[in-house]
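Residue numbering begins at 1 within each chain, and the chains themselves are lettered A, B, C and D in the order written.
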Amino acid sequence: MSARDAALVRLGEERAAALLPQPPDRPLDRASLLRVFAGLRDTGFLGSTLPPERGGMSHSAFGSLVEGVGGGLPFLSNHSVQRYLHASGSDGVCARWLPPLLAGRAIGLVAITEPHGGSQVADVRAEVRRTAEGLRLYGAKTWLVHATVAHVAVVLARGPDGAPVRVVVDLDGPGVRRAPMPTNGLRYLPFGSLEFDGCPVPDDAVLAGDGVAATKIGFAVARSLVGVQAVALAQRALTHTVYRLAGRTARGRPVTSSDVVRHRVGAMAGRVEAARLLCYEALAGVDDARPGCDALAAAAKVLGTDVARDVTTECVELCAGAGAAADSVPARCRDDAALLATADGTSLVNQTIWGGHVVRELLRERPDLRQGPEA
Amino acid sequence: MSARDAALVRLGEERAAALLPQPPDRPLDRASLLRVFAGLRDTGFLGSTLPPERGGMSHSAFGSLVEGVGGGLPFLSNHSVQRYLHASGSDGVCARWLPPLLAGRAIGLVAITEPHGGSQVADVRAEVRRTAEGLRLYGAKTWLVHATVAHVAVVLARGPDGAPVRVVVDLDGPGVRRAPMPTNGLRYLPFGSLEFDGCPVPDDAVLAGDGVAATKIGFAVARSLVGVQAVALAQRALTHTVYRLAGRTARGRPVTSSDVVRHRVGAMAGRVEAARLLCYEALAGVDDARPGCDALAAAAKVLGTDVARDVTTECVELCAGAGAAADSVPARCRDDAALLATADGTSLVNQTIWGGHVVRELLRERPDLRQGPEA
Amino acid sequence: MSARDAALVRLGEERAAALLPQPPDRPLDRASLLRVFAGLRDTGFLGSTLPPERGGMSHSAFGSLVEGVGGGLPFLSNHSVQRYLHASGSDGVCARWLPPLLAGRAIGLVAITEPHGGSQVADVRAEVRRTAEGLRLYGAKTWLVHATVAHVAVVLARGPDGAPVRVVVDLDGPGVRRAPMPTNGLRYLPFGSLEFDGCPVPDDAVLAGDGVAATKIGFAVARSLVGVQAVALAQRALTHTVYRLAGRTARGRPVTSSDVVRHRVGAMAGRVEAARLLCYEALAGVDDARPGCDALAAAAKVLGTDVARDVTTECVELCAGAGAAADSVPARCRDDAALLATADGTSLVNQTIWGGHVVRELLRERPDLRQGPEA
Amino acid sequence: MSARDAALVRLGEERAAALLPQPPDRPLDRASLLRVFAGLRDTGFLGSTLPPERGGMSHSAFGSLVEGVGGGLPFLSNHSVQRYLHASGSDGVCARWLPPLLAGRAIGLVAITEPHGGSQVADVRAEVRRTAEGLRLYGAKTWLVHATVAHVAVVLARGPDGAPVRVVVDLDGPGVRRAPMPTNGLRYLPFGSLEFDGCPVPDDAVLAGDGVAATKIGFAVARSLVGVQAVALAQRALTHTVYRLAGRTARGRPVTSSDVVRHRVGAMAGRVEAARLLCYEALAGVDDARPGCDALAAAAKVLGTDVARDVTTECVELCAGAGAAADSVPARCRDDAALLATADGTSLVNQTIWGGHVVRELLRERPDLRQGPEA
């Protein structure tokens, strides 16, 4: 990791600790979240995904910032809508939403998943209908972070002609119903679902370009960033556990000086380092537009969340009573990581995507072994 | 991985396949090994560890070359003596041994481990005594690759004053007894032990510098390289397994198109990639002399050999009957990886070294938690 | 499992579901718990540990009843004090406490663990002092289930002569301070700590016999029962997960008909069955007073809680969003199992006890290999 | 385990050690194998599967005998043909083959698996044709233990009317080609394949009954016995490893007294015990003809071979250099266990069979959740 990226990690950690040292057990309200986002503005977090000349940064650099922020405030989000608007939004939409989003005065979300299951972009049921009064959005989206407090959403839906489109929706406008969704992890975040019942969509609020393709590109970034944040949670649990054990003694010596504990700490730390490197490799692949970087991002997400699951679970155990207490830091990290694992496709789905890519790549050099389009 | 390093991997793979496409099940003799080494000369393998101006390369670059060679010819070795001689050898010793070693006309080994156990440099029992006829070496070394065929050895021993020294020994000279040591893995390599019974040591064959310190530095490189080669074995087993399964069908479809198989391939490939990145991170650390790079190298070795153990074992299973047949490639990779795991300290030892480093680093920022010199 | 034991499991399940179908997220109060215990009276739960002629049952049979109750109401406890009182209590103590305990009109607990760490009976600091007014108890105990609501406790302490004793304490009497202890798992149970500040101990409230020895015997039963209840939690999470997945489809087929899911369900179910058998083997060993049954009980506890940890964690994952929701059944089972794992010694401690036993047993037949008292 | 069964284990161990203390690295010839079988005659091994009144024993008891024999002589086989002949053979066939088989003067095998893959009884291609000279057998079978030395085989094939039949074949007769099949594990056993090119089949050599059904019943027994033998190999590797480590010291103490080693020994021994119990549970289920006992046998085989794979692999590691040496006992046990894992269906296949059974059983009580014939 370069010195610049290490500095970004540190900056993220410090800012997260300063803004919200102890995230609450219930969802933050809009005002509290806006304070957090405003406090992150000068780090580049909010404009991260814009082009460099507009204040953005590389995905690798943003990964470092998110790693730093994510140990304390995992899955904070509110950085993707900016990219979509800047890349594909009309002048009117950009003028209305980009300034407040970049200033930390508005909260945005991207709405893809629907209640009937999964994040399968191929099976979108929300739809934009053309009515006498203009475009209207109907349908439902779920598992959305910030659903109960966000100001604006980019929503994937079928357009009037049946093709997928992305539309920008004012969530404080008419026709929008919000419902909270209590979660076991990431409890400080306002998860929820949205229902659109004839919500008006101005003609210039339809983003340009192929809705599904753009959504898929976004997945590679999102998955790598989930991996980075899972790794940050694993690291946090591990650090906390070493601190905890350093204060305990067994047979008159600090527990952290025993071979058993050092062996387990070593096993966990080695896996954390390796998963972190894979996540940054995926981000570098996205930055360089390397072929297969989307599959590698799927692998990075799986490994990051797998390692986080295992490390946080083992830390709960190593902390014994303190790990099972209500204020257990490792248990909270574990719950947060379990929720991260459900984002942007389950491990089962992502591992199979990545495995399919590996199989295809290996067989590309052995056409004699391929048995048809599916192999 | 840079294009240069990728080219080095490819070069190593091609050369290994050309020189010895199917390593035999019994140790190569001296002539066969010399043919292999001579065939690697122009790749830089033999002079890799010298300074760049003498034809050497960075440890990272050498790692790539070794990764390429190591899939087919793992643990080929014969590159460390050159470094010791060049760095600490007298003119006479260098003039005698460096040219044949660099040309692939001689084979060298480094002898540290003793029969009484482990690679603990603190407990060396071999000794150099000053006699009327000059220095003489007494003692025994074991688990040495190339023991039965090498021309020259750098041997760690106690000097006449009790301090550790490294001496250069002509293994074809008097007072040397060689014994082969049949192994389960890496069967193409002539492992064995050496006994020194008054073997003469010219005064200029004592290397300069602190024997133990120099040996320890060598460990970081050696461990990283073992990790890289373990990863190469895992990759080889995985590639072989995908090829194998591509030719099988179940319920009328290629096995490689089933979700179950893709999921497992993905899980293995993700771990292989992450372990590879950790090994190169350790090598980059050695190149840049980063603090803690020796501990990271221990972690890289453990993760590399752990991943190789798990992946090769799973590949044996996935290949079913073919995995259990006498000519099973995954089983051979597994056996080779199991032997690599015993080199340069067991996983237990290396994991504990690395875990101790992690604990110390984490507690460095929390002096309030430290409870004494051992924590 | 015999038909009788299977019937006891079923009886326990039905009763638990009828008495408290959905245990709350906060500790039950005394009245609610008494309703539960009264409702279990006719199952034999409360008198389980008495001799058969007094209405007790074998440990194996009680294990089945506890397995049934424990899927829904894990670690319900309140059955050990009865055994201690009946085996070692004075007539007065038995007359006062046994009837209400056996009728479900009183709640008892056994207090061993102290705040300075672990359950190491060798290092008890609570003490019974002889004063002018009679015996008085001083000290603190922690991690006690029912601490805030129990009526009576059996407390391990140093006696006036320094030897360990067990004394029966009226927790509603003077000199007792209770403090709740919020936990992450088993949230329906009132965990807490107790402080004794000169709490009066009638002379006949000192139990007969060696305090430490009796406590150790109790551990074998307690550990086996923890294992059984951990297995019950694993089974509950697995059943819930299969029900959940049966209602989901992928590619038009029920998820439960896919090979990937069946493979994972099979892997979990096989481990659950095997762990269950080991727990009952340990209980049968206790019933028959087989040598080494205490070590086997340690193994059963570790395997039971390990399997429960792994299975519940995987079930959380398999349920995806539903597993991460606030009302996630697998997540609750996982949290409950994590707390069970801290009871009666951590996995680290118990695994080492059991491993030491295995080593000793194996070396008993090879005296030539033993190297001293410690091997 | 009852005293009788423990005695059978011990008997099997002693006899195996006496008959062939160190099985060779290459397949035994017919004479050597006959000496082994003759030496086992009085243990009941050869007639184990006959009814008790004919000298047979329960499957559970036979499991104990096989566990004992199988630590040293795993997968010795030659006990199944007897059952088939006795249950379904004509008088002539029984008179010819049973006496020598029961006396250890003949070796038999059961031939099911064919070269085109798997043990899928539904896709048998060997066939019995009716010719002018009588019935003739055509086809090929593979992965057969004793193929190069056996005297007689029960072969699954399509009958003249297309329905599966089992026929008894004299392997020393005309029309039989044998080919050896070198294996990596179980190297002392003569594995091989058979080709039948018009091999004559007397009319009374066709066994009575449904070929496929009888073959499937045999699978439950075979899988449980494979599990038992895998467990025996795991136990052997573990015992050997403890003996080995007891002779090593670290920091001046026997390695077997360190917490790290005891912890790992405990973890391995606990899994071995649990897997053993599951195998015997499956055998008891077969003895009692419990519903689902075939699925449980599949689970027992998977868990037994999984545990054996993990334990032997870890033992190789713990023995360090000795584990990687050519005469490594744990490595041989691992290779033997890997071959056992391929017998009677791979782990993938068996785990999915068992998982499907678990799903069906759980959903039987919840008809509301079932979505069709496949769930």
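One rule holds in what follows: a residue touches a chain if its C-beta (ideal position, glycine included) is under 8 Å from a C-beta of that chain, and two chains touch if they have at least 3 such contacts.
Source: prediction; values computed, not measured.
For chain pairs A-C and A-D, the one joined by more C-beta pairs in contact is A-C.
Within the list B-C, A-B or A-C, B-D finds its counterpart interface, over half of the contact pairs alike by residue number, in A-C. Separating the centre of subunit B from that of subunit C, both taken as means of CA atoms, is a distance of 50 Å.
With centres set at the average Cα position, the gap from subunit A to subunit C is 40 Å.
Distance between chain centres (mean CA atoms), subunit A to subunit D: 50 Å.
Across the assembly, subunit A contributes residues 249, 259-260, 263, 348 that each touch 2 or more other chains.
Interface residues of subunit C, counted against subunit B in their complex, comprise 258-260, 263. Within the complex formed with subunit C, the residues of subunit A that make contact are 117, 143, 181-185, 248-249, 260, 309, 313, 316-318, 320-321, 323-328, 331, 335, 338-339, 341-342, 346-348. Within the complex formed with subunit C, the residues of subunit D that make contact are 239, 242-243, 246-247, 249, 253-254, 256-257, 259, 261-267, 269-271, 273-275, 277-278, 281, 296, 299-300, 302-303, 348, 351-356, 358-359, 362-363, 366, 369-372, 374-375.
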